[in-house]
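After this come two complexes, each holding chain A, first together with chain B and then together with chain C.
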Partner chain A sequence: MRVLLVDDEKELVSTLAERLSFRGIDAEWTTSGAQALKLLETEVFDIAVLDMKLPKMSGLELKKEIQAKMPAMKFIFMTGHGSGDDFRAGTAETGVDYYLIKPVKIEALIERMKEVLRKN
Partner chain B sequence: MSLLEKMKPKFWEFRENTDDPSNFRHIWLLMVLLTLLVAIAPLVSMTMIDNNVSRKSAESEILLRTSRLVSNTRRSVSFFLGERKAALKFVVYNTSFNELNDPMELALILESLKKGFGGFVDIGVIDASGRQKNYTGPYSLEGVNYSGEEWFREVVERGNYISNVFMGFRQVPHLVVAVRHDLPDDSFYVVRATLDTERFNDLLFYLEVSGQGDAFIVNQEGMLQTPSRYHGKVLEKISDPIPSYSEKTEVFERKNVNGEVLIVGYAYIAESPFILMIIKQKDALMDSWHTTRMEIAGFLMVSIAIIFFAILGGATYLSNKIYVLEQNRDAILHEVEYSNKMASLGELAAGVAHEINNPLAIINEKAGLIKDIFTFKEQYSKDEKLMNIANVIISSVERCASITRRLLNFARHIDINIRPLCLREVLHEVLGFLEKEAEYRSISVSVEVPDNMPQLESDRGKLQEIFLNLVNNAFVAMKDEGKLDISVKQESEDSVAIIFMDDGCGISEENICRIFEPFFSTKKKAGGTGLGLSITYGLVEKMGGTIGVKSELGKGTTFTVMLPLKTEQKE
Partner chain C sequence: MSYKTDSISEIGLQFFGKISSSNFHEIKNVLAIINETAGLLEDFSLMAEQGVPVGPERMKDLSSKIMKQVRRADGIVRSINRFSHSVDKPTDQVDIAEFLTFMIGLSERFAAMQGVTLKAQPSDIPLLITTAPFLLENLVWLCLDFAMKVAGAGKTVGLAAEKAENNGVRIRFTNLDGLTESLISTFPKEREKALPDALQAEITTDIGAKEMILRLPGDITVNSNQ
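And then the complex of A and B:
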């Protein structure tokens, strides 16, 4: 499985990618929606793990952009903000199962990714 | 419950300034006292004024009536005596001296007087020298010389005479009437007649004297001239003093030896030694006035009682209404204030949690990476110390994460948001907040949820708030090493009971009915707002449930929260 990680926290997203690669999962990372879209032009991924709050383009907007180009792409969202309206909007859009609150346990993330891919 | 108990306002037991900041007790008292004053004072003063006026009028009426009676009776007595004198005068004018000296003629005259007027006993003719020239009657008094007698001198001097009453030979009271008649030769003679007093007495005897009254005639020495009901027999001296001379009828009040007030009316009867007296008992005369007064007093008392209860009831009803309204208003205001506070607190918590979550995630990933490196690269995998350090960092991050998650959960549930949830989880989440305190104070907390418990559809945040409040209260009530048992029971098909049983200090009976009232707190000095349980109560109601409490002072308290298994989402 090939995973695209997008989070504005470079330290977080790069470490996460490295840890996934320890577990045999091929992961690429970017820190903005624009970079992600650029990367997607050249590479193919099975699943995208997006932060909800990205600079300029939010996680949900990015999802829409990607889906327009690659309808088969699966998504999982990560957020530090699990409250009120954000939470309701996020879970309504993505489903509560695909909405993980930081900090995320790596095992839980892998489990969830496998689940999403299996379901579809 | 007595009537007065019912009329006691709800806030009566409150201590001033602490439980009753709006001073309802003071307002109620002021309202009752002022209304009572303006309602009862005019009533009482009107009754008192009327009492005085009517008493004075009754008294003056009595005096007036007595005075009228005395005047009328005096006129009757005067007329009676005048009539006898006139009869004798008629005799002397109609009959010559010589004819009067004829015993047969005199006997005829006596007979005529007896028949015409009645009461004449005898008649005598006395010449200027005082010698009785002729006499007809039951005694033989012919030839008796009266020249030395007082009465003879008086009749010679004044032309007529009426004697005091005296006992005759037959022990019958009599009085004497005498008139002088002048002859052409400057001489004169006197005609004297004795009358029995029966007709005289009848004048007074048949008099209707009200108020246990007594009417009699006394002479100027105080000797009774006619029989009296209460003052003695004829010719006995009365104990009362003789009133001073007055031409007119007089009426006055005086007290007798028993202290009873008497109304005394009297009149001196002209050209006689007689004083007519009528004595009445004032109390007896005032009887009807007293009866009316008692009726009015009774009516006044009943009116005052009705006014009193009406005012008390009205004031209590109104102030209770105002009190309840104020309580509701305060509760709503504070609920709003509380929700606002909770909302901003929620925002703050969410903001903090979010800000912390990102660096926490980096720490988590970095520590995870260290661990991964130690796990996946052989040259490091034997260094257990470093591995432990990484594990400690990761578990600490996990602890921080659970705190930020709770904060986010808390913030998320400001509005009602019904979801299926597991009661056991919610209870454990709540206890998570108080874990450390329980640990420090060695409080043991047990949670018992049956395994076959159906899933509850409710608002997680609200439930957390309710449970947190109840657990917090229990912790405050308990001493160190206390015990809190939380159990869940399915009460019916669609309701569940969550029971919080502590072994704390308990709640007194007088406080237990007020614990859900806003601002009621036994911990005010320790900073309690008195809002916790009232908000809990409001939340449980909002969730469609009920909350009950049982407590025994010194033994502990049990709160039971009954919730529907499915809470309706209200818009």
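And then the complex of A and C:
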């Protein structure tokens, strides 16, 4: 499994990528949508884990951009919302099927990634 | 059931919600970093138990990262606490130079989302006025929000405070490269004009100088029955 992690909190994505690598998952990270799109010009990933609130280009905007080029790519969102209800209320009908509320348990993230890839 | 609200209360509640939720999001980010860094420390501990060598420098680095995030969270909580208490008194003495630094802290996440940097010019002297702290925060936030939208290619909005006539203070929002007549006509919105009115403040813009100026009187009286 190859994972692209995108979050403007560098300390978060870099650490998460390192922890995923210890668990046998190949993870790359960037801190912006623009960097992610650039990386996707040369690299292939199975799934992208995106922060909802990215600077300049939101997580949802980035998802649309990636999907236009790579329709097979799967997505999970990470959000700093207070709760799942709070998050769902703010993102109804936006095409967010899979999300995790920060702070994320790494086991839950891995399980969710496997589930998303299995379902599709 | 119906009830009446005035525009200042409505705008104020929206502002309070916006600033609070943004700062709580920020705290969630800090918690997420602490969570991952502590998790990485745990990973290394498990590796060490299995005989994989872990350098003490790396452990020290991870501990200092956690401490840095704790300080960051403490700063956010202090800010949001001060912000919450700004409704305690109808009027109070405010040092505008220090107040601008506080407002930049509260607005940092919004600025980062738009790729804008907010930079306050330090003042050599305290710039004390008596005003309504929460209403002032709300008005300065509206000015900042507008300034961030019209920030030019440099994307750095400058904030400078200086003494004005009659013991008042002027706040300059500078480097507004994208300022145009049509944009100026959109700010403040009709219902937002209640704020400068309540604070007896005046907002002017200068396209040539690429700046917006907020003039505040040295002292205001608030009629709490209004």
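In the analysis below, the second predicted complex is superposed on the first by the 106 of 120 C-alpha atoms of A that agree within 3 Å, B and C clash if a C-alpha of one lies under 4 Å from a C-alpha of the other, contacts with A are read in each partner's own complex, and residues count from 1 in each chain.
Following the convention adopted for this analysis, a residue touches a chain if its C-beta (ideal position, glycine included) is under 8 Å from a C-beta of that chain, and two chains touch if they have at least 3 such contacts.
All figures in this text were calculated on a predicted structure; none of them were measured in a lab.
Applying the stated clash criterion after superposition on chain A shows that chain B and chain C collide. Judged by the touch definition given at the top, the superposed model places A:56 against chain C, while chain B stays out of reach.
In the superposition on chain A, contact is made by A:104 with both chain B and chain C.
Of the two partner chains placed by superposition, A:38 touches none, neither chain B nor chain C. In the superposition on chain A, A:69 contacts neither chain B nor chain C. Overlap of the chain B and chain C contact sets on chain A: residues 9, 11-12, 15-16, 18-19, 22, 78, 80-82, 101-104, 106. Remark: chain C residues 24-26, 28-29, 31-37, 39-40, 43, 47, 65, 69, 112-115 touch chain A in the complex.
Listing the residues of chain B that touch chain A in their complex gives 346-347, 349-350, 353-358, 360-366, 368-369, 372-373, 375-376, 397, 401, 405, 408-409, 411-412, 414. Looking at the complex, you find that chain A touches chain C at residues 8-9, 11-12, 15-16, 18-19, 22, 53, 55-56, 78, 80-82, 101-104, 106. The part of chain A that touches chain B in the complex is made up of residues 9, 11-12, 15-16, 18-19, 22, 78, 80-84, 87, 101-106.
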